[in-house]
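Next, two complexes with chain A in common: one pairs it with chain B, the other with chain C.
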Partner chain A sequence: MEKTGIPGKAVKRPVLRKAMTHPYLVLAFRIYIGSLFVYASMYKINYASEFAETIASYQLVPYWAVNLLALVMPWMELICGLFLVIGFRTKSAAATIAGLLALFSAAVAISLFRDLPIGCGCFHALGEQMSWKTLLRDLVWLGMAVHVYLFDSALQVEKRFALAIRDI
Partner chain B sequence: MQSNASQLKSAPDPEQKTRLELDRKVFFLETLLETSRELNGLIQPRRIMDAFLLMTMGSLGAADGLVLLFNTRSRHAHLVHRGIPPAEAEHIEQNIWSIYELYYTEERPSGPSTSMPKLITHDSLPEYSPLPGRMEAMIIWDIDQEYSGLVGLGKKISGEPFEEDDYSLLLNLGNVLVSALAHALFTKNIEHLNADLYKKNVGLKESLGQAERARRDLQRKVHHLKSLYELTAELSPLIDSDQLLESFLLTVMGTFGVSRGFALVCERTARRVRMVSRGPARQPHMSADEADRLLYRCLDSAENRALEPMTVTRLNDPELLFEQIMPGAAVQTAIMLVIDRSHMSLVGLGPTLSGLPLSGEDEELLRAQAAGFMVFLKNARSFEAVQCLNQELSEANQELRQTIADLTEARHTIKVLEKAKATLKSIVQREADRIGRVSLLDFSLILLAALVLGFSFNLANPNGIPILPKSMLIAPVAGIDAADARRLQEAGLAVIVDARPPEIYSQEHIADAVNVPATLFEIVFKMKLARLLTPQTTVVVYGRNISKRYDELVAYQLLARDHEQVRILTEGMDSWKRQGFPVRP
Partner chain C sequence: MLRSALIILFMLLLGSAAYSCGQGPDLQGRYEAVNPQHQGNVVVLALRSAGKGSWTIEGEEVPIRWERRNQEIWLHHKGGAVIAGKLVEAGRIDVELPGLGRFLFLRKQ
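Showing the complex of A and B:
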């Protein structure tokens, strides 16, 4: 806790911090981000070729790696999303998702700078045109993922298991 | 004698004098002979003394006299007197030992010799004397060391004094007395010695008898001990109860000369009977119930029914007792051995070879042998028990060893399991510790899972996509540089195809290039390109970026339509533009 010298603020900050890091809030973020990625992965898994096109449209990935990425990335999203929802390996899952979101955000930002006329392809190949809003949304999600990474503690499957293990 | 003496004195005639002298001597000798003869037949000292006094007083004509005999060893004294008033006699008797002391103060001669009598005349008598004062003559003597005596004579009846002849006669008479007394005392002594000897003989005979009895006892005891020793030597190496029983029976039968007999041992708790018998009336094995009944009957006729452990008791009326069970055995002697309340033994012996019954001593020996046998039997039982215990112990040991082996194996298993558990625990704990952390392993696992799932799903999916681009797998399409392409285009021999998506095409493209996007190839080819192409026309395709090689995709499709003259513009639109060839818009 940082001392400000102002009595009122000294009390206020921990309350805000407490509210922001409340386990249920973090849980809500976690489930939201997890569900989002599960949902997003569904389409990409089913329509790999379209997703490959989307990747290619960003013009950031070497041509030989496009299909590879199109096959692997949706599954990573699905796995990490599921992990976040059920609370298993949440730290790693949140870190992975944060990493992916950071990549997406960077890709969107680069595309926006390049002024590429493409859709973001986040959920559907024929999605809306990419815009600064898209970048902002991705950044918000990235923030949530980082938040989950930092503060998640509630309803973790492993925790109970770990407690049981420590008793042995 | 007095008349003779007076005649001797008064006779002046020498012849007569000589005759008188001779007469006197004859008289002396006759007196001596008479006295000697008188005393000779007597053996009682008192009677000798009495006769002597009478004879002496008579021959010497003394009015009174006394004889004293002292026994210095037994302090007994005999007094014989004549002519002394009773009061005086009593006085003498009372002072008898002071008289002795008065006359016998001098040292007595040592040895068994008898001293000659000593004459004390009236003149040499002491003034004071416990004897009556009128004593005229006295003789004292010693007979060996034990006896002493004195003779005292009073005045003569005639009143005359004692003369030399009188003294001489008295001394001679004293000699006779001493001889007679010595003889009598000697005889008496011999008699005593004879009596002692006889007594001692009787005692010796008794002792001999006793010695004989003792010898016989000793012999018997030696025989007993020898028998016992033989039995012990016979039984000691045996440890088996059956062998003990048989050996005992044979030894006992041999000891007493018995031709038939039996012995049985009954362990009532174990319901076991061991029986051996010898002789004509050999009996088969006996059951436990029979043995029980027999034991009860025996107990009924036992002399001692106390049933104390380790005791032997005699059975009365053995022939009748064993007649029913062992007919013809003719058991004469039977004993019951009580080792303890549940363990008893019976021994029965038939008649001896000599036909005589067993004596008390023999029975005693039998009891001793039986007692020894009981000890051996008990030891054998203990040994058997110890063996049994040893057997059990060794079995228990075996089990214990097995158990230890099992335990060792189990411990080994437990160790292995513990190790496995520790390994598992460490793995699990490591995993548990990893929960709260981000690890590279997690990422690797997620990536691996995604790879496997993605590839698997793609393989199974009918709309699957190739993992690598087609151009990486088949031969590349031939290229053409921008100058050649321009020349051919100007000569009308080439058609330039822009393979990129329409929106990019619309941003900038080579002048006169036909837009044939790879995704819309079929439609656009039919609508636009098919008309422009002849078999000789070269199709120059361009359009690629880092992520997509549109030109190659379209070129492959054209080649697939058997159009051979398909080239890819080397370095794409950039080289075209560098050459300064026209682009649109």
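Showing the complex of A and C:
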């Protein structure tokens, strides 16, 4: 029950909404998405040239941007993933990851419509063949990232630091 | 809370260390296979420590990096190519190259 400010009146929050916005559920999503991006970035950082080949195989990016993206994107994934896991600047990290996932989903959808026989390259260069399941999975992760952006509140390191600074 | 964040960070670092140590020393060595396109021509695959190695074909040596992934070995060329070979049994690696055929590498050293 939530107080409305009017004496004697209270509003019932729907149970599903309450469960979906529970801090621990959001925290679980946050750690899951963060770890996933840290894991995904490792191979790409280690083998940047293979990731460049993967980006080129989508035939969506101009040739001059392929190497730049192959170098920048994995580090973005790593930094944002780490921020989500440790709970630092989670809104910014979740927004960036949601943006990346929206980009990946669009790229996968376009490639599926064009019937390109390529792998997804999401985690490894020799990963699974792209399918509608890949797109669905990316959209679920996008939903989780947006959820984290909207409702994250638990275990945030910067809040802790802010309190400590205020105490000093 | 800070402590739990540090623990998570430490576990992540541990995980990444475990990930980078994927290459088992048991695979290191010199392997040879017969070139299916030119019988009598030997192709040499050298797997050295720290995931380094080389692929020698017709006198030309190409540096590679390698890593073990379950029952597969992945050979990475710095140009962006990657080949997966099957670890058939101890000392045998089966590599299928599109357009070139099947290379069955046998351990020599």
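Rule of thumb we're sticking to: the second predicted complex is superposed on the first by the 150 of 168 C-alpha atoms of A that agree within 3 Å, B and C clash if a C-alpha of one lies under 4 Å from a C-alpha of the other, contacts with A are read in each partner's own complex, and residues count from 1 in each chain.
One rule holds for everything that comes next: contacts are C-beta pairs under 8 Å (C-beta built on N, C-alpha and C of every residue); 3 or more make two chains touch, one makes a residue touch a chain.
Worth saying up front: this structure is predicted, and the values here are computed from it rather than measured.
The superposed arrangement places chain B and chain C next to each other on chain A without a clash. In the superposition on chain A, A:Y47 contacts both chain B and chain C.
When both complexes are overlaid on chain A, the residue A:A19 reaches neither chain B nor chain C.
In the superposition on chain A, the chain among chain B and chain C reaching more residues of chain A is B.
Of the two partner chains placed by superposition, only chain B is touched by A:I79; chain C is not. Once chain A of one complex is fitted onto chain A of the other, the partner contacts of A:W64 are limited to chain B, with no touch recorded for chain C.
In the superposition on chain A, contact of A:V38 is made with chain C only, not with chain B.
With chain A used as the common frame, chain B approaches chain C to a shortest CA-CA distance of 5 Å. Common to the chain B and chain C interfaces on chain A are residues 47, 49, 52-53. Across the interface of their complex, chain A is touched by residues 1-2, 4-5, 8-9, 12, 16, 19, 65, 74, 76, 78-82, 84 of chain C.
Those residues of chain A whose C-beta lies close enough to touch chain B in the complex are 45, 47-49, 52-53, 55-64, 66-68, 70-76, 79-80, 83, 89, 91-93, 95-96, 117, 149, 156, 158-159, 161-162, 165-166, 168.
Taken in their complex, chain B has these residues touching chain A: 425, 428-429, 431-432, 435-439, 442-443, 446-447, 449-451, 453-455, 457-458, 461, 463-469, 472, 503-504, 519, 544-549. Taken together, the chain A residues at the contact with chain C in this complex read 31, 35, 38, 42, 47, 49-50, 52-53, 82, 85-88, 125-126, 155, 157, 160.
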